[in-house]
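Every chain is named by a letter (A, B and C) in the order it is written, and numbering of its residues begins at 1.
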């Protein structure tokens, strides 16, 4: 890693580590939620920002892992996350493999709609069947443990540090991934698929691998979400959830990894603050999304650059 | 044995026969030029060879294998490389990165997911080697989208060199180039022909007659004539149908 | 399955299919001609239903006037949205279009809550369309649903005639085949876009008005059906009116028979259908290859 990235990451991690020290339970829980969405958004950024795969069904993998975690705990009493985390992430990866095989045959707008529709299919599957708890979902009363029953993964502080570790590892993994030869191939595919094929790359394989990795990481976020919420309900599979995480990626700036993290913070704060201010918060969020997308190509970073250029503050972009 | 052979290759777009019944052989080591007026079907023919388009009828063989149903990437891996008529470099990536992506295909060990791409020194060496053979003025770190048109065309040929195909197919490599750039490119192509078989679609007759060992003339999708430059120059029907327009 | 059940499900499927067609045709036209993916198309469906509720129930206008005014109002709104928000998106990538039109959904749904509250409003069936007909001794079918299927069919035929026979239709067909071609021919695309978009909005509003007595009027009523309409468009092939028609019928029939044959997983049936069709034809039944 370059020095500046190393320093910035170090500073951010240090700040993150101190949050529980304030002793404010709300703050710790809130930060946990933001970090979970940061993981979720980074996983989508791998697809959208690096490989040009605009998925509008990414919540499917988050939801599948969440339901897998909840079912493992509710039906067969597996509440040790050392078991349920890998199992649920693997389930998400397998579902991503299946959906990817079907949807990646299509391109462009078909891909957007097909991913949306498959996620919606899963939504109805859990929403309509008693096994998955129907529209109420699965509410968990047991606590999660980490290895031994004495170490609770549902303790807010333990859970928080767990999430920090997961987010950090996800970031580092993706940071290296996108700089590896594999990552460069993805960028090539995003830039010019035909050319890549003419160079001898079999595009489908790389896209599928990316889709599965992104799905697995979304699954990781889904798993952590159940630790936090003790609930898996159909709303996490809804396409609105997919649209939200897509908004996080775009708000912060796609293809940057850091952008989606910032986007997660911003969107969650925007929704929370707007909801505090008025019950009609969706109006505010809707207007913000429309304005930022219409006028700021490349999310907030792009918007800032556009405004700066107007004001004559522009420095040339790197 | 010829390197590439097409047998009655045809391509229809609806009722339009863009390529009709083309049978042609490309011998190892030769420079084979395909010429013809605008809309003659040259690019379409090349697309059939590279697998970009499925054929409507006929078949093609490469080194004796029937490759008619092979995907473009499989053909590329078998040794058929191509450039595109309208520059197709990766505009968002740097010159170095463009060439690295191409060179990487030659080193199966370089497909890792964890270590930075820059760390693979054998790939980097190949990129340096290719750059040395081109005459680019821009730095390696320039974004390809910022290169001049002529340099983008050169970069594209560089990418082909990096994958070192047995057969290099170039679709109008000199189009839009200045006289000097064209002359430089002729030099590059001549050197390339020492190691690669070349198929050249080209409008510039100077380039064609300076380089080609054999010329095939396509008109309305069909082969009007095929032979040595002298034979083509002397062919009356070619003169009427094609060369006459140039004079 | 008994013959009577079969016939009733057949009628249900046709009627649902016609409703879906009214929505999907606008979606597919917007994409075919403008190249825009408009998630907010369902808003027109919802607003049409709400406006009729407002005009007919609250202002007590006569129903035909209420319906006509509602459609006109939706077309005006649609044109404003098209000019202000969608036209600038024509040359942007699908990602931006998805986000902006998703933002529009949030805005319209919440505006409906602000104006009409969160309650679900029932809509009445007009007096002359109440009651049922005896199709046979065994089969009784509501008149209104028959009328709905009929109205959908009439619109489908009308739309087909417009697309197949008129100059605008010709541009639409050319546009969905190759968009750059149309502007290259020197056709001023602005008015064509506006017209197509207005037509799509009007059809969606009509669908909302027709569906109101069956589905009830509530905020977000457009969001559920728009996803199904997307499934229709994907099945039929994006940009193809014929595809939208066939896709709508298929989805309508599969949905209605799915409810009888696979009651526990009925809502999955149409997605399974879509999955199969995508495996077989990745660009839909009538879509052009990418």
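Rule of thumb we're sticking to: a contact is a pair of C-beta atoms (placed from the backbone, for glycine too) under 8 Å apart; a residue touches a chain by one contact, two chains touch by 3 or more.
On a predicted model such as this, the values are computed, not experimentally measured, just so you know.
Novice: Please categorise the chain-chain contact pattern as a line, ring, star, complete graph or other.
Specialist: line
Novice: Taking the mean of each chain's Cα atoms, which chain ends up nearest the overall Cα mean?
Specialist: A
Novice: Could you grab the centroid distance between subunit A and subunit C? Build each centroid from C-alpha atoms only and quote it in angstrom.
Specialist: The mean C-alpha positions of subunit A and subunit C differ by 32 Å.
Novice: Using mean C-alpha positions as chain centres, tell me how far subunit A is from subunit B in Å, no decimals.
Specialist: 42
Novice: Could you please state the distance in Å, as a whole number, between where the Cα atoms of subunit B are centred and where those of subunit C are centred?
Specialist: Chain centres of subunit B and subunit C, defined by C-alpha means, are spaced 48 Å apart.
Novice: Of all residues in subunit B, which are in touch with two or more distinct other chains?
Specialist: Nothing qualifies.
Novice: Which residues, counting only subunit A, touch subunit B once they are in their complex?
Specialist: Residues in contact with subunit B: 176-177, 179-185, 187-188, 190-192, 194-203.
Novice: Okay, in this complex, where on subunit C does subunit A touch?
Specialist: 31, 37, 85, 88-89, 94-96, 98-100, 102-107, 109-111, 113-114, 227, 230-231, 233-234, 238, 264-268, 271-272, 274-275, 278-279, 282-284, 287, 290
Novice: For a test of understanding, state which residues of subunit B touch subunit A in their complex under the given definition.
Specialist: Going through subunit B, the ones touching subunit A are 50, 52, 71-74, 76-77, 81-82, 84, 88-93, 97, 100-102, 104-105, 110-118, 120, 123, 159, 163.
Novice: Given the complex with subunit C, which residues does subunit A contribute to the contact?
Specialist: Where subunit A meets subunit C, its residues are 48, 54, 56, 102-103, 105-110, 112-114, 116-118, 120-121, 124-125, 127-129, 239, 243, 246-247, 250, 280, 282-283, 285-290, 293-294, 297.
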